[in-house]
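Which chain is which? They are A, B, C, D and E, in the order written, and residues in each are numbered from 1.
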Amino acid sequence: MAYIAMTTGFVLILIGLYGALTNRNILRMIVAFTVANTGVNLVMVAVGYLHGRTAPILDAAVPVAEAAARIIDPVPQALVLTAIVIGVGVTALMLAYAYKLYESKRTLDISAFKDLKW
Amino acid sequence: MKDDFPTPPVRDELKKRVVETPDGQTIEIDPLRDYYCQSAPTVMPAAYSKIVEGLFNWARAESLWILGFGTGCGAIEMRPLMTPRFDAYRYGIQWRPTPRQSNLFVISGYLSVKTLKRVIRSYEQMPNPKYVVGLGSCTINGGMYFDSYNTITRLDQYLPVDVYIAGCMPRPEALLAGFEELKRIIRAGKAEGANQYAEQFDWYKANQKRVIHDWDMPDYNW
Amino acid sequence: MVSAIYILAVGLGAAFLIGLLRDEWRAGAYGVSLAALALMSLISAGWVWVLATGDGSAVDIMTAGTLPPYAINLRMGLAEAVLTLLINLTGLLSAVYLRDTLFKQGRRALATLLVFTMAACGIVLTRDLFNLFVFFELVAIATGGLVLLSRDQRALAAGFKYLVASQVITVLLLVGIIFAYHATGTLNIDGMAELSALVLQGGALAFFLMFIAIVLDLKPFPANGWALDIYESAHPAFSAMLSAASASAALFAADKLLLIGGSTWLPVATGIGLFGFVGANLFALAQTNDRRLLGYSSVAQVGLILAVLGQRDLLGDRYLFIAGGILLAHALAKAGLFWLSGLIEGRKLTAWSALQGHPILIFAFASFIALLVGLPPFPGFYAKWELVIALAGQGRLALIGLILFGALLEAGYLFRWFGQALKRERSLEPVAASSFKRAVILSAVAAGWGLGFIWGALSPNGNLLLALPLLFALAFLALEPLSVRIKNSVAIVGMVAWFLLTLPSYDPLQLIFAAVMLLGGALILLASYQTQGQRIGFYPSAMLMYAGLAMLIVAEDAFSFFAAWESLTIGSYFLILRGQRSEPHALSYMIFSLGGAFLILAGFALAAGGDPLFALAGLAEVAAPIAPWVFLLLAIGFMTKTAAVGLHIWLPGAHAEAETDVSPMVSGILLKAGLFGLFVLLMAMGSQQLYGVELTHLLLWIGALSALIGNLMAAFQEDAKRLLAYSSIGQMGYALFGLAMMNHLGWLMALMFVINHFIYKSMLFLSVGGVAKRTGTRDMYRMGGLITLMPLSFIAVLIGIIAMSGVPPLSGFGGRWIFYNAILTAEYRLPMILIFISGPIAFLYLFRLIHTIFLGQLKDEHRRVKEAPFWLVLPQMIFVAFLLVFALVPGLALRRVDAYISQFHPSGALGWEGLTITSDFGYWSPISIMIVVGVIFASLFAWLVFVNRKAQKVKQFNIVFAGERPFRPETTHFAWNFFAPYRKALGFMTEPLVERFWAAVVDLLHACAELFRRLYTGNGQTYAIQLLAFVVVVYLLRTGL
Amino acid sequence: MSFEWIKIPYALLTLFIVANYGFLLTAVMAKIAARVGRRHGIPVWQNYVDLIKNYGLRSSITHGVMFYLGPVFRLTGGVGLLMFVPTIYGTEMFSNMSFAGDLILALYFVFFGSLGMALGAGESGHPHSAIGVTRGLSQVTAAELPFALAVYAVAVQYQTLSVTEIVAAQQGGILHWTLFSNPLAVAAAMLSFLGTMMRPPFDVVLAPQEIPIGPPTEYHSSYLALMQTNRAIFPIAKIVIYMNLFFGGAASWPVFFLKVFLIYLVSVIVGVVFPRFRVEQSIRWFLIWAVPLGIAAILMV
Amino acid sequence: MRDLYDRLKTAFPLGELTEQRPDLAFVTVAKEQLRSLLLHLRDQEGFTHLVLLTAVDWLEEGNFQLTYLMNNRLACRDLGVRVMLPRDPASMDSIHDLWPTAATYQRELREMFGIDFPGSPRVDEDFILEGWIRTPPYRRDFDTLKFSDEVFAPRPGRASSDPTEFMKQQLYPDKT
């Protein structure tokens, strides 16, 4: 039961990569990559899960003293925040590229941009 | 009808030409003046003492080196001299391919003007004591070609001849007798055809040029 | 010293500050960013100074006040300091280079540039894994942004492909990091390194994902199509930053990862690295676009450094020196070359011929190539030396083979590029004239030479740049603006002074070689007075060659010997390259010589057994099993220089196409370097056995065969200089034969040949050069009849051929006499037959040389030819005089060396008392032969002159021509296909088999490159698939190992 | 090996004897060749007559300095070859200047003459002399190889390079000659001897019918005289080497005359019977027949 | 040969046919028709081989007669085509393009008779006589004996007897 998050994360990563590698359309590739990124984030959060513990929010319900025994591992969640921000940055840059590429050759097919080769 | 044009046209390889040298300047080439020695022949005096000249004459007589230049039908008469039957080697007679190394020029038969031109060139390239033997009547008075328009009638007009051997082609024995006669003249010291050619060079050259119209080399061909 | 965190702080702060400025203040924003970059470089420079001079221990910078597992910490060690300095400096210089584009793009580009530099420094400094990931992502995004600076439209596609690849890498890296954290509980690299538990249970896969992600960021071959597109289409300044800064940063990150992974992962890194190094270099052979070629070359170098990182367990603490040397050399050279490509319009390799008018830029180009290939005195040379020595010490020979093969490929295409740039006809587009761009390039060159000096100081083998001869050669770079007269005199005085300076330290053998190389070299330099103007580039390369030769002779240890060998190779390459049509031949010369040099390096490494300070004398004590292999490697290496048959195809072209006064230098002196090497080898190791085959017997056969083939080929040449070049192969074959006989007189004969061959070969080359200068052609059948117009040249050639053919009165006969005495005691007799037949054949082509040039018919255009220039004739006459003296009194040179050789071969010494020279078998008195022959000759000549005093002087057409008139001089001069009978009888032996073999090898390489480079289809998606495939393959190989 | 002044008149005496013997011998050989063709043949003193006639010629031309040096080099080569080899073994009087050099000097001095002749012929500017020189050099170099192999075999057999010691080793009876102790070497040497003697199988260079007598095309009068004296001395000098090396040398003049006559006869007999080789045929002939014999000689000794 | 003549007669203005032997006949044709006749003979009639091209000097009528002897290999028949040329502007158009060997014959005729064949290769070069500057020697108006006596200055006192008189005198001494 506890590994549902982890498996969905990995499934999302595989779907994302599969989508990115088979779709010719650039926008579809970008969307596929974002799916893969969310999958990675899901996996990261799932790694920190400890059975029978609660979210790492130190408030009235979970006082600082016994926090160490009752909360799950907070570090992956911190990492996920940065990862999400970076994912957003990269996706934005890729969308800008997609716009420019379409503007230059009036097509979104990745295989149309093959003049740099060998 | 174009009858007498003054002289035949000069061949193009003999014409004066301007040549570009590798370092850029142009020079003027006159083939006749640049490629050939222009000096005339000079009379070569005999050795200072009679005894030495006697020895040299004996040696010249005993080793007659004939130039291998068969001009007319008599050349075939020279071949038997090399065979065992007549064997001229016994008398020190030998055939040399180059005029430089031969001292006897056997004019064997009729001489057309074309051949005369080559004969004169080869004769002039032979070293000084040189002798000429004329075979057959054609060299003496034109023989059966007396009335031909391109065969000379008297050889001694053009070359100093030492011995004539009569016959419309003399047989090898006659040739050997002729050579014997030539040896006698050489030993007597009277075979100075080369010096005679040098002294009367102008006369000889005038005769030659009267017959040969396209003389495209310097007068004396060293 | 101010804390290292300020580097990141200043970078980020400046980036934000620029955001606040108004858009019109472009100059202000640019100034701020330059100041920021300068400050960052200053900080890192400060740290380098502190750590270098201090105890050198790393300083940790804690962030957020607590210890690492719960906070990110940065470390500033010496390596980090040097790398950050490199990154910041590259960023600064690129920013200066990009002034105009940045002005046009405005604040955002400046900010991205600052972020890029800061992030690269971050990768180097951080000790935290996730922090590493963040900085990698920052670099990726900044790259995506900066790629668009380029004017090339295709950069868009390249940028997108790059981002696709970085997305894949991000996925792998993040999954790897989080699972590594899950297994070890910490994100700190040092912390993770202690917990070796990680490797045992489940964490191996996590580490693999992390490691492979970092390796993918290093653009590993063959999954790096996306990187090459960036290099090709991005702005050159940014490509420079990419290849210098981000590659170094990524490499350091990989090094940190390997710290965690431990020794089990090192072979994987080495494997990927080497595969990349050789593969990328092979692909580079087929490249025509200059920036794409540089891309391939940088991928290759990164592969090499990764391989070196993979060997860190074996190299111990020296690995920083080696990896650092190669990395810094690569970074500077690549940055410099990219900046240089920015100045040139055309993208073809031959478009670089626009540099021909700019000597300084050519010097820069040459320095960058030398930096890349690792030639002395640059850091790559010291690094490669210690790397190969260490690898050989541990017996990893396959690695050495691959590294040297890859280096040879790289040298091949780089020097082909340099040769085409220098010699192909000049391209029309002018070189951009902006002074600040050139300042950037020249600063890179200065940095390169500075690094060479630093690495020399750090290296235990002593600093090359402190060697006096090398400094003397480099001083000529400064003298370039002076006129030829001054430079030539300085060169001659310098060489003679060096000879006198080192005279006492020579033993008799070294004395002969020193005399031939230094005094002989000074003598040949006399001929260089005949050129006017400044002759840019001639004197530095000539002096570099002579410096190499001077150091070669006095070299004590293997390192200085090898350094001297490589510097004389480079010097002679630049000299030969000066000829008009010498470019392909100079290239083949360079590849053969470098191949030979690498074999020598491998030989020394094998013998040294891990000790970089290996002395030459140590060759004698090499252990039995590897001694024959060392002998074989060194012998083949030296034979590439003496052009033994099989390795000789470069010599005819190189010597024939070189300039008039370069040919004698290269042919008379340079070939002796190979002989000196063989002398040293045979003296140290004597004869060796390999699989029952006596190696010196093999040398005997090679010497005999090259004597025969060299002489036979020479007889059929129509070009005078080619004839002399082939005859050099023949004479070197003789000398090699003498050496390989391994007895007293054999060596003496080889020495006699060294002296003789130097004298008459330089004399003949000078006179043929003078004739070619006057008649404007080198084909012998176009010359003829020059005896009256060029009498002095005729005398020189006459004396030369009499000496060379071994005809009694002159010194050639001495060589033959010693040869005969030597072979009487030799045990192998069959090779002698080849030597016997090649003797008379030498006589044939010598007569052909003198007949077709000086005798026969004088052609029309040569009627006003003047004698050769004075300065060409003077050395010839000195050589003639020396030849006559040496013929009369050979004892002058040979007496002491004869005694010296008897140390190695006691039996068979010559007796030198009185007039005659006696050996065990016969006697030879040169003086009395000369007198007898002279008296007979003089009397007969007098008699003939007396008898012919009235001879008639005639001209050229007064010849008996069967009563006919010779047509023209050209038709009556017999020179074409001079030895037709020999060609009919022995023509089959002159089939160019060796040339066909080497051509086949080269064609095979090019075909492979042409075929496999189709791998990069240009489609971004296929690149992503290739990335994943690469990951899977590496994993399978890793587990399968 | 010291040098005394008395050696010069002795050497001149040997030279005089050998020169005269040469003139007579070449004439006798020509007569023998003629008699084979049933011709009477030249008188025995004919060489002298030709010599005097050539000296007696009054006019001569010159193509240049090198043209002069051609015949001078040639004759110096012939005379020098004779000088450096002892003609009569045992007598101090007739061992000429052999103190100066040994077998190797003799072997390489042969080239001195042909180099000079080649240069002189080249200076004459005549294409025929140049072609003749090419043919001559090609043929002589091919012929030189078996001789060099044979000489090496003999030198290794007697462990010396001094001609006098080799002759000394062969004294005492016929069976001591190298002919019997090392027959292969002698066979190779004699085949090479045919090559260098300019007799019919290998006389394409000087044959009048080929390109008119090859190199000496432009030579005449006193130049030719020098060459004629060389054509007499050079074969004898070469035969002296063969005699000393392979046939036990000569202890006295009668033995010397007989041996030289017989060795010379070998080349005449072969010459009279066989037609003329082209140059590449003779090169192939030497490489196929003579060189294997030489190699065998080297390996067997 | 008569059948051939009749066939030709229809096409070309031929002169009289003279049959010398069953396989040898001569016919004359006008100068202008010569080329077409020769072509016809060569292509249709099988006369492929030009045996010879000679000239005869009819001094009295003042013209040259050129004879082109053609040979039909298969039928083993020879036909001589004759053309009459005026002596003074003696020139004829060249047939070297039909038969290359004709060029040599034309060169000889040019030198010996002075008949000019414009366009024929090397026609003005010396053929046998080098440097001949007098009238072409085969012309009958050129007296060789007079030329020889005048140029070659015969030896004085030499009496040359007319060969026919001399032989008649030898064979029939009594019939004076």
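Going forward, contacts are C-beta pairs under 8 Å (C-beta built on N, C-alpha and C of every residue); 3 or more make two chains touch, one makes a residue touch a chain.
Since the structure is predicted, the reported quantities are computational estimates derived from the model, not experimental observations.
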If a chain touches chain A and chain C alike, it appears here: none
Chain-contact steps, minimal, separating chain D from chain B: 1
Path length in the contact graph (chain A to chain D, fewest steps): 2
Relative to chain C, chain with the most remote C-alpha centre: E
Centre-most chain, if every chain is reduced to its averaged C-alpha atoms: C
Chains linked by the largest number of contacting C-beta pairs: C-D
Chain B and chain C, separation of their C-alpha mean positions in angstrom: 71
Where chain C and chain D are represented by their mean Cα positions, the distance between them in whole Å: 54
Rounded Å distance, chain C centre to chain E centre (Cα mean): 82
Separation of chain D from chain E, taking each centre as the mean of its C-alpha atoms, in whole Å: 64
Residue list for chain E, restricted to those that touch at least two other chains: none
Per-residue multi-chain contacts in chain C, two or more chains: 952-954, 956, 958, 960
Junction residues of chain A, two or more chains touched: none
Touching pairs - complete list by chain label: A-C, B-C, B-D, B-E, C-D
In the complex, chain A residues that touch chain C: 13, 16-17, 20-21, 24, 26, 29, 33, 36-37, 40, 43-44, 47, 75-76, 79, 82-83, 86-87, 89-90, 93-94, 97-98, 100-101, 104, 110-111, 113-118
Touching residues on chain B, where the partner in the complex is chain D: 44-47, 55-56, 59-60, 62-63, 68, 83-84, 87, 89-90, 92, 94-98, 100-101, 103, 127-129, 194, 222
Footprint of chain C on chain D - complex, ascending: 1, 3, 55, 59-66, 68-69, 71-73, 75-76, 79-80, 83-84, 97, 99-105, 108-109, 111-112, 115, 118-119, 122-127, 130-131, 133-135, 137-142, 144-145, 148-149, 152, 155-156, 159-162, 212, 217-218, 221-223, 226, 278-280, 283-284, 287, 291, 294-295, 298-299
Parts of chain B lying in touch with chain E, wherever the complex brings them together: 1-8, 113-114, 117, 140-142, 146-154, 157, 210-214
Chain C - residues contacting chain D, complex: 785, 787-788, 798, 801-802, 805-809, 813, 816-817, 820-821, 823-824, 829-830, 832-833, 836-837, 839-841, 843-844, 847, 850-851, 855-857, 915-916, 921-925, 928-929, 932-933, 936-937, 940-941, 944-945, 947-948, 950-954, 956, 958-960, 972-975, 978-982, 984-986
